[in-house]
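The two complexes that follow have subunit A in common; it is paired with subunit B in the first and with subunit C in the second.
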Partner chain A sequence: MNTIWALAGVVIKELYRRKDFYVLFFLTALVTLAALSVNFFNDTKIIRYVKDVCLLLIWFSTLIIAIVTAARQIPSEKENRTIFPLLAKPVSRGQVIIGKFLGCWLACGLALVIFYLFFVVVTGIREPQWHLVAYLKSMGLQWMMLAIVIALTLLGSIVFSAVSANATICLIAVIGILFLGEHLNKIALKQGEPVQSITYAIYFCIPHIELFDVRNQIVNNQPLPGLVDCGLASVYAAAYTAALLYGTWLLFRRKSLST
Partner chain B sequence: MRVASPILVFGLLIALVYTLATTVQLRAVRRAETGPADGAFKKLLGDGRRLFAGQFVEMADVYLHSGYYPSIFDRREPNAPKAVSGTTEDHDDGEEPHSDEYDHGVKTENHKDHEQDKPQSEHEKAMDFMGPPRDWLEGFIRRFRVTKHSHLEAGEERELLPWLKVAIELDPQAINTYTITAFWLRSHLKNEKAAEEVLREGIRNNPGNAEILFELGLLYEENYQDIVRARNLWQLALRRWEAQSAETKQAEMRLYGKITANLARLESGAGNWQRAIEYFQLAKLDSPNPAAIQKQIDELQVKISQSTNSSPPRLLRP
Partner chain C sequence: MLAANSQFLVLLGEAGSRPTPLRGEVTVDLTRTIRYSQHVARRNPDLMSAILRTKKLRVEYVGGEVSKTAKVALHGLDLEVRAGEVFGFLGPNGAGKTTTMNVLLGFVPPTSGSAELFGIDVRQPIARQRIGYLPELTYYYKFLTAEELLRFYAKVFGLTRSESDQRIEKLIGLVELGHAAKRPIKTYSKGMQQRVGLAQALINNPDLLILDEPTSGLDPLGRMKVREIIQRLKNEGKTVFFSSHEMGEVETVCDRVAILHQGELKIEGRVSELVAKYGVANLEQVFLRIVGYQPQEVV
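Moving on to the complex of A and B:
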């Protein structure tokens, strides 16, 4: 376990050494504060559009951080040839996968906490109530969703040769699921056979990461799902993450390390 | 050849720059005062910005429903009344209804009830888009979605305003956006000044538009209780409507009915019964419920028969 934590620690350090997070946080803060400063009919209580913009940017930024960080982990180790001394420690390939995943996931968690702190402060300026429990649930669900995204990207980093190709394909897949995932069954029902069965099969197979998107409730101050539902969603995310990591390990253990 | 002193050349350049700056500045100020101001959206997107204006009005509708809204994959009726347009409001609180919501603003109890129920039930039907879940996964996903149909209330309607404002910026020629924005500002947020500013901006961008003039008349009548100005505005709206082409007039008969019915109501309240009858007769031409208007005419004729009144000049007919 110490080996895994050591590997994860390196990834976390990498996050604050690189400039990705700072740039994305700065842009999020800039756009949100610009949106906050706009005057609409001298009404200073209007806040929902600011929440909407800020949460959209948080989602986009954390997805970018997760995908970019996870996509370059294994390829950069191979490119710099540091994978050989790492595996000679001795560290198993499975530990490398889990260590890299854990590092990326914790790093994204840290980034998420900072983003949400900013969000709470910004909304607190105009909203009389602080919906802290709702924000915690939203952050927790988003973090669980990022676990699936990171595991998917790690799998992609074994399959695809280039970091850029992996990052782009993963981003497109994630955005596609976010927009279409929950509607695939409706689309399937309008198709004839065998397209209907294929689409329905895809609907049940893909990880429904859009499930974790509760921005609509946060923006409109609507009640969020209960703890049981959040727990079930976490189990759902954990199952997909485990499956994807297992797939990554299966591919990685037989993969040639020479570039 | 003698070379000019660098200090003199520098002085000459400074004088030239200063002269140019003062000239350009004067022109810029003049242009800003006379021409329409170009917003950031116009500079960024050009005329293509109009394509997105409808999306922002829809966004306001999404906010009005607190996120409960059909996606493009759900069952939805494209022509169903949108709540943000103010045509599906419930007026059980006894408040004066918006004239769009019932036939030409004519106050007949049965008629009013019928017309209010119709868009309300249509809207409820349109918003019942979910149906039972098709599979266990959809049922589970729904636990993480807004599944209750509700409308913003108690001042929270202010959250619609940013999207409506952006929609106005994107398409200054979309008349509905001005009237919708003014409706929410004056009816729900009690911000008459801002409503008037929006409508005046609409008139600046669409000079002489009958619908905006009519809406401004409503503001003066219902919010400022300024009957004289309301009458003048509605009469002007009627003249503007009359000045349109035959095709446009045919397409906007409903507006004609609203203007004439409201003028009739105004004149009736002011005691000008003969004039009110004439306006009611004009409103009756395209009314979906002419019997209700005829009832009003009959009531006024009874009043006239009980007293004497001078006959006003004939009114414009479509």
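Moving on to the complex of A and C:
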């Protein structure tokens, strides 16, 4: 475990020493504060729009952080050749994969905490009630969803050689699942064969990350899924993450690395 | 310089007297390694002295999409490096030196044959528990400071916090980076980065050092220092396996050498024996004879 934690620590240090996170946080804060200062038609429920905008920005920013951070881990190790002194130590390729995943996931968790703290403060200014439990559930579900995204991106980083290609493909895939994932079965019904079977296969194979999106409930102050449902969603995310990481390891362990 | 050398002696003296204390699962792994080495040694008594061994090692690189033909980088290499010796691994560019090192370090799997470190197959990560590797060029996380980088590698080897503190302090002193230890590596000169490389190779107090052209790109002072370090490691009973194109350097520090050409081991033995066998003045002439160099007349 020492090795995995050490590798994760390097990933976290890399994240907070780069500018990406600060830029995204600054933009999110700027847009949210700008939205907060505007008062359209003396609408007393303007806070709903502010919450909507802020949560959308948090989702988008953390997705960008997760995908960009995970996409460059293995390729940059190879490109900067830091993988060689690392693998010359008693470190297995499986430990590299798990260490990189854990580092990215913890770094994203750290970023999420900062974003949500800002969200709590911003909404607390305009709302009489603090829905802390709901916000915690939302953050937890989003963090579990990010685990799937990070594992998917790590798998992509072994398949695609260019970081930009992998990041773009993963971003499109994730946004595609978020928007279309839950509708694929309805789309399949209207198709003829073999498109119907293919669409159904995709529907049953893809990780349904849209299940982790509870922004609407937060914005409209509706009840969120209970703890049992959140737990089941976490198990679902963990299973997909494990399967994707296993695939990543299968591909990476056979890769020949020449100095 | 003198102070740094004495620090180095202290470091090696301390290291030579007892094995690196480890904790947790790494201790278990090391115990398993030792037990496994003893088990292997009982079955093959001559293995005890061979720290590094390759048997009929063959490596083929498959061509790309256009050329499907395989390029044979190593043709059945048999090599043995014994405990406590400094072994020079020589050959012209493309001879297969780097491929051999890549196999030994687990970067490239052998096509056939075997490679072992301390009697353990190199495909097992634990085979690398007792080695230090210095690559030809510096490849480190440039956003970390030298101290953070050494701490990271110390964690990888399972060193305790207090021991890594002690080891890092001594190594930073040894490579004379005390003034820059808390600066990111990206701000270092090439020479400073090489010195960080040397420090990381020694962080686990290795029994075997694998050095890939360690003096390449260094100024004369830097070369001298690396040579002194190799000599001191030898005096402390460490085994050093290194590749180099500097024949004078190899002649000075090596007990034995092996010359590789076109993926085949052409010759192996003591420098003095090889020079006497070929009836030439120095190792460079032996090398040129083996690789078939014919001097051309200058018009």
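Note that the second predicted complex is superposed on the first by the 253 of 259 C-alpha atoms of A that agree within 3 Å, B and C clash if a C-alpha of one lies under 4 Å from a C-alpha of the other, contacts with A are read in each partner's own complex, and residues count from 1 in each chain.
Keep this in mind: a residue touches a chain if its C-beta (ideal position, glycine included) is under 8 Å from a C-beta of that chain, and two chains touch if they have at least 3 such contacts.
From a predicted model like this one, the values you see are computed outputs, not experimental measurements.
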Clash or fit (per the criteria above) of subunit B with subunit C on subunit A: fit
Contacts of A:Glu14 with subunit B and subunit C, given as first, second, both or neither: second
A:Ala88 touches, of subunit B and subunit C: first, second, both or neither? second
First, second, both or neither for A:Ala233, with subunit B first and subunit C second: first
Partner chain(s) touched by A:Thr3 [first = subunit B, second = subunit C, both, neither]: second
Touched partner set for A:Val214, first subunit B, second subunit C, both or neither: first
Contacts of A:Phe204 with subunit B and subunit C, given as first, second, both or neither: first
Three-chain overlay, vertex subunit A: subunit B-subunit C angle, C-alpha, nearest 10 degrees: 160
Gap in Å between nearest CA atoms once subunit C and subunit B share a frame through chain A: 41
Residues of subunit A defined as touching subunit C within the complex: 1-3, 5-6, 9-10, 13-14, 17-18, 80-92, 95, 256-259
Touch list for subunit A against partner subunit B, complex: 38, 40-43, 45-49, 141, 182-183, 185-187, 189, 203-204, 208, 210-214, 216-217, 219-222, 225, 229, 232-233
Subunit A partner contacts - residues on subunit B that touch it in the complex: 63, 66-67, 71, 73-74, 134-135, 137-138, 140-141, 143-146, 155, 158-159, 161-163, 165, 185, 189, 191, 194
Residue ranges of subunit C in contact with subunit A within the complex: 24-26, 29, 61, 98-99, 101-102, 105-109, 125-129, 131, 133, 135-137, 139-144, 148, 152-153, 155-158, 197, 200, 204, 210, 212
